[in-house]
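Below you'll find the structures, each written out as structure tokens.
Each of the next two complexes has chain A plus one more chain, namely chain B in the first and chain C in the second.
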Partner chain A sequence: MANFWNKIGRAAATSVAVLALGAAAHAADTIKIGSSLSMTGPASFLGDPEGKTLEMYVEEINANGGVNGKQLELVVYDDAADANSARTFATRLVEDDEVIAVVGGSTTGATMAMVPVFEDAGIPFISLAGAVVIIDPVKEYVFKTPHTDRMACEKIFEDMKKNDISKIGMISGTGGFGKSMRGQCMDVAGNYGIEILADETYGPKDADMTPQLTKIKGTHGIQAVVNPGFGQGPAIVTRNYRQLGIDVPLYQSHGVASKSFIDLAGEAAEGVRLPAAALLVAEKLPDDDPQKAVVTGYKTKYEETTGEPVSTFGGHAYDGLMILVEAMKRAGSEDPAAIRDEIEKTQGFIGTGGTVNMSAEDHLGLDLSAFKMLEIKDGDWTIVN
Partner chain B sequence: MRKLMSNRLVVPAFLALLVVALAFVMPSNFYFRVAALVWISALAVIGLNLLMGFAGQVSLGHAGFFGLGAYSVAILPAQFGLHPVIALIAGAAGCALLAFVVGRPILRLKGHYLAVATLGFGILVSMVISNEAWLTGGPDGMPVSRLTLFGWRARGADTWYWITGGLMVVGALLAVNLVASPTGRALRALHDSEVAARVVGVDVARYKLIVFVISAIYASVAGSALALVNGFITPDAAGFLHSIQLVTMVVLGGMGSILGSVVGAAVLVVLPQVLTVFHEYEHLMLGFMMMAFMILLRSGIVPSLSTLIAGRRA
Partner chain C sequence: MAEFLQFCASGLTVGAVYALVALGFTIIYNASDVVNFAQGEFVMIGGMTTVFATAAGVPLPAAVLIAILAAMAIGLLLHRLAIEPARGASPVTLIIITIGASIFLRGLAQIVFDKQFHSLPSFSGDTPINIGGALVLPQSFWVLGGALVIVIALWAFFNRTVIGKAVLATAANRLAARLVGINTSFVIGLSFVLSAAIGAIAGILVTPITLTSYDIGTLLALKGFAAAMLGGMGNPIGAIIGGLLVGLLEAFGAGYISSTYKDAMAFIVILAVLFVMPCGLLGRASVERV
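On to the complex of A and B.
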């Protein structure tokens, strides 16, 4: 019997030792920054370019002498878009790795699960996820870099106003992205004097949206149609739209701002308008655009290093890291609270997402100029304004 | 040895001792959190093990009950101002009722058919949670208000370590007692042969339903605990992958072993944390180690090891 308990005891001791191995030694001559990203799993299209971007630029910063004379050390975990494991990794970054700041959180769910950990610990956290709830209401230690879907709605409505459009129809995907943006558009439509006369939805896996579009076509007085959605749905909507011969303008969202949308929708995509980040049209920006140098620089470096086409998601990670590094330089110390204060004071930072001016009330700091209104002409993007 | 192991107090007492002893060697809050996650998973796995290991019925939808428990402590306090503890009990009662209603037709099915039916149930729950955004916050999840008991606010990983550890020990105690009771004997008879059990007068359908309801309650309470610990919940908790994870924990730790449930949960929660040192090869290593476990310890970690030890001593 004693023998048995000895064995159990030894097994327990071994497993504790294995656990302790996970904790890396704390070196004082490096600055540790942490990240938990969805590099695998359903949101890997976000986490993968983000992770590559962070590693690529930390390497570059270190090669150029690091920050405040110290080398950066990046600790990255893969939460596979699972909020529960994101939370565990957040605790690990704070308690075990003792990072001084975090750039990460690919999805809104993962970000929101991590927020209380960093708020309690007083560690600045720059999120890479979309939803507006991350920074509204403002949380002391939480910032984010990607523009919100509310801003995409506002950009679209602004363009409509310019073209004297006031009565519109909406057809939205019921996936997370489409649902959230639909709600935001409904919310801000009034501010632009826009009236939503038809409100249709489709499932993420639907293969034909003709019935919904027929209904919109039959609604009297509609001057334009907005389609918040992600993936293949908007491409099908665009094709059906042309098949039904609807002749009012079609607005898509930034969710389809990738070359594959034009490929999927084909000729039907002609004339479609959508708001998108400058990164997508890096080469087409006028030379006097302040973002030109940043976005072409990032695009070239990313595509050369990884051999993959650039995505706006990686750009969010670039912005987050650079905002943090500049704040650390200004703070001149490794005190998380001092770095937090400096992040909040970020002014005129030009990133891939736009010009960032943060304040105590605004932990995003982007305005509508972050979006460019694009129109698809001859199978390519053109900048409208 | 065998006599000692068969005493119904040994396993819960050992687990209680383990919870107390581990608390003294934890270097930081991160370890307390990982341990709390182990206790929570273990609780759900003990319940599922009663169903799988003792009654021999497979459920691929247990994360559904887990998710319902989690969302009940998120939704009921937020919408109706209920106290989280009442919400937890209400969630467990709701899951028991649901398991009772759903279980009656489902448990008439056998083998693969039963697995597919429970799978369907789990997916249904997770779809409802993802789609009813007005109530559940949709795919982005929703916040859970903090637990306060008599003015004392439960926060911090070490506090939750004790609460979840306590829940797990109580869960193990109840399970061990159930197994040792006449109901437990009927369940094991059912596992070995349904026909034989029926011949000796066991009401097969009734016992299957009882254990299905009990395991649903375990999953629901575990889900509520996770939601309260995290203060935030997303639909992943109710997802298909989580169901599979729970089943894997049962099989890995050992079917029909309460201690095995805890070991299975511990391995699958702790391993991913240890394996992060392998970076991109993390998932490869996890798969490799699980294959190794299943090939070398065929009837699960605890039963295989105890046979091994018993064999050496004999």
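On to the complex of A and C.
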């Protein structure tokens, strides 16, 4: 049965691809770009700033004359982090809305559900989700802007190595993000001579992690603890960590890189280290940092327009949209295949996430320098060198 | 030993919240045969209202009062607008109505409040208290003490007041209660208001430890329901014991066996108990009334 629907889906997607190309040839007055984001539901903290960012910048681009002399038209759906809805919306974007490119997919689950639709239809798709599986192995039409969890692990281990830490404990969320990052950390730990002595997990909605942390506390020889996860889990872990008086360094992931983590964890957050994008510390960047202008510009605009503090997640949407717009300008046409080729040729693009250099083998284009190691001091981020 | 005590502290704190949710289930179930799956939402309303009231500058005691009253008002509305109009319907229909109400309340909370997680400052500081090597937050004592006070107050209400006895009479036999002049519709409404207040208090007490957001209710309802089943549906003492047991099972499961199977462990034990004792630990076998 599943096979049958797959075939139907494929047939529909191919015929739609033909339709979409036909529509592009007719050259409408506007350029349609699509998006499916998790603006409500459990991943709304991702989708909400992403949606606001896309709308804000499409408006700005249009006010400045649009792209290639045409106005942009943004079609946004809310998939509420549900992979099934995301796939339905992907099909709708291709068939009904006939978009020429897509920037969206807040979560890895939603992204992976949409990938086959856009691959079959030949529509360039810039994902805003974290996991490395989106671009490894490389898929012809799929790109992404956020750093991968693998890079976060490497950045953390690099910092540990500098501080002569080699024996660690891990406490990971069992949600998609925590689970994926736990796997990646296990994978690269050996490269940095890191030994994982304790490996605990907690459910995404758990309210108390003292049993797991008590176990880690009782494990002999642990020099630091890493906590991959996002949402409220890491905030509770941080509070429980201080409650139990564990005195080795605590490393969080880029998943908690927003002000609300500091608010939730309160004083317990003091001294916590985490890798994060430069956007979080926009004002604290040295003036000669190439990202300084981009990140302060985005931060000011976002905070003025929405009245909310900036998060790195909205920044991923900014990067995705700008990479797409520059590729469309270089391609000079609305042919999805030509735009795809130009996205792949993106070189030296400076976004909120870092400097992007894509290639046929690398549809992310970021390296470890895109991450800054931060430490929380007096309720604010500071850059660690 | 320190580890054991630490697990106990964790299990009892979380378990006390499950127990209060299970108690809410029990009170409504006894009065009306309805399993109210919106019970978890009362916990959410208690926590979220307190957070937003204090953020608006209301002092904590007043915010707590507002939150409890808000939850009670919503409990009453839930009964008057959703349960009462369908009073002739089967329990299954009523249960489905409460599930609908819980989804509605979650959606409403997203709009009235927001989608973020929130915290409250602890009532008496964050310095852990050392008990035999286990480090326990002062707030844990607030949760356990609060649960104890609620249980005693409920006991006094049911056994020492006329209205309380009317509730018990309704629980025992609705028709007979009506025949002796008890307004059973009022009693059922009262049970919703009471359950809402208990849920709200649990939500307020536990927010400084576990944080709160618009969607914490679902999981609490599930755990509270499991606790009520374990203790024996309809038995208040069973609900308390069931709640504490589920909390302890989770903490010991995570601490001594494996955190990966923490939730599974608790549910496996519950299944095993129900397999041997289908009515729960303290439940009576249900008798078909003719």
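Following the convention adopted for this analysis, the second predicted complex is superposed on the first by the 355 of 385 C-alpha atoms of A that agree within 3 Å, B and C clash if a C-alpha of one lies under 4 Å from a C-alpha of the other, contacts with A are read in each partner's own complex, and residues count from 1 in each chain.
The rule we apply is simple: a residue touches a chain if its C-beta (ideal position, glycine included) is under 8 Å from a C-beta of that chain, and two chains touch if they have at least 3 such contacts.
All of these numbers come straight from a predicted model, not from anything done at the bench.
In the superposition on chain A, A:Glu95 contacts chain B only, with no contact to chain C.
Of the two partner chains placed by superposition, only chain C is touched by A:Thr214; chain B is not. When the two complexes are overlaid on their common chain A, residue A:Thr174 makes contact with chain B and with chain C alike. Applying the stated contact rule after C-alpha superposition, one finds that A:Pro116 touches chain B and leaves chain C untouched. Contact with chain C, but none with chain B, is seen for A:Gln243 once the two complexes are overlaid on the shared chain.
Contact with neither chain B nor chain C is seen for A:Ala63 once the two complexes are overlaid on the shared chain.
When the shared chain is aligned, chain B and chain C each come close enough to touch A:Thr40. Contacts of chain A with chain B, set against its contacts with chain C after fitting on chain A, overlap at residues 40, 174. Listed in rising order, the residues of chain A touching chain B in the complex are 1, 3-4, 7, 12, 15-16, 18-23, 40, 77-78, 81-85, 87-88, 91-92, 94-96, 107-109, 112-113, 115-116, 120, 131, 133, 174-176, 179-180. Residue ranges on chain C touching chain A, taken from their complex, read 3, 6-7, 9-11, 13-14, 17, 110, 115-119, 126, 128, 135, 137, 206, 209-211, 213, 215-216, 219, 250-252, 254-255, 259-260, 262-263.
On the side of chain A, the complex with chain C involves touching residues 40, 42, 44-45, 48, 174, 200-203, 205-208, 210-212, 214-215, 218, 231-232, 235-236, 239, 242-245, 260, 263-264, 266-268. Considering their complex, residues 1, 4, 18, 21-22, 25, 27-31, 33-34, 37, 131, 133, 138-141, 143, 155, 157, 226, 230-234, 236-237, 266, 270, 272-274, 276-277, 282-283, 309, 313 of chain B touch chain A.
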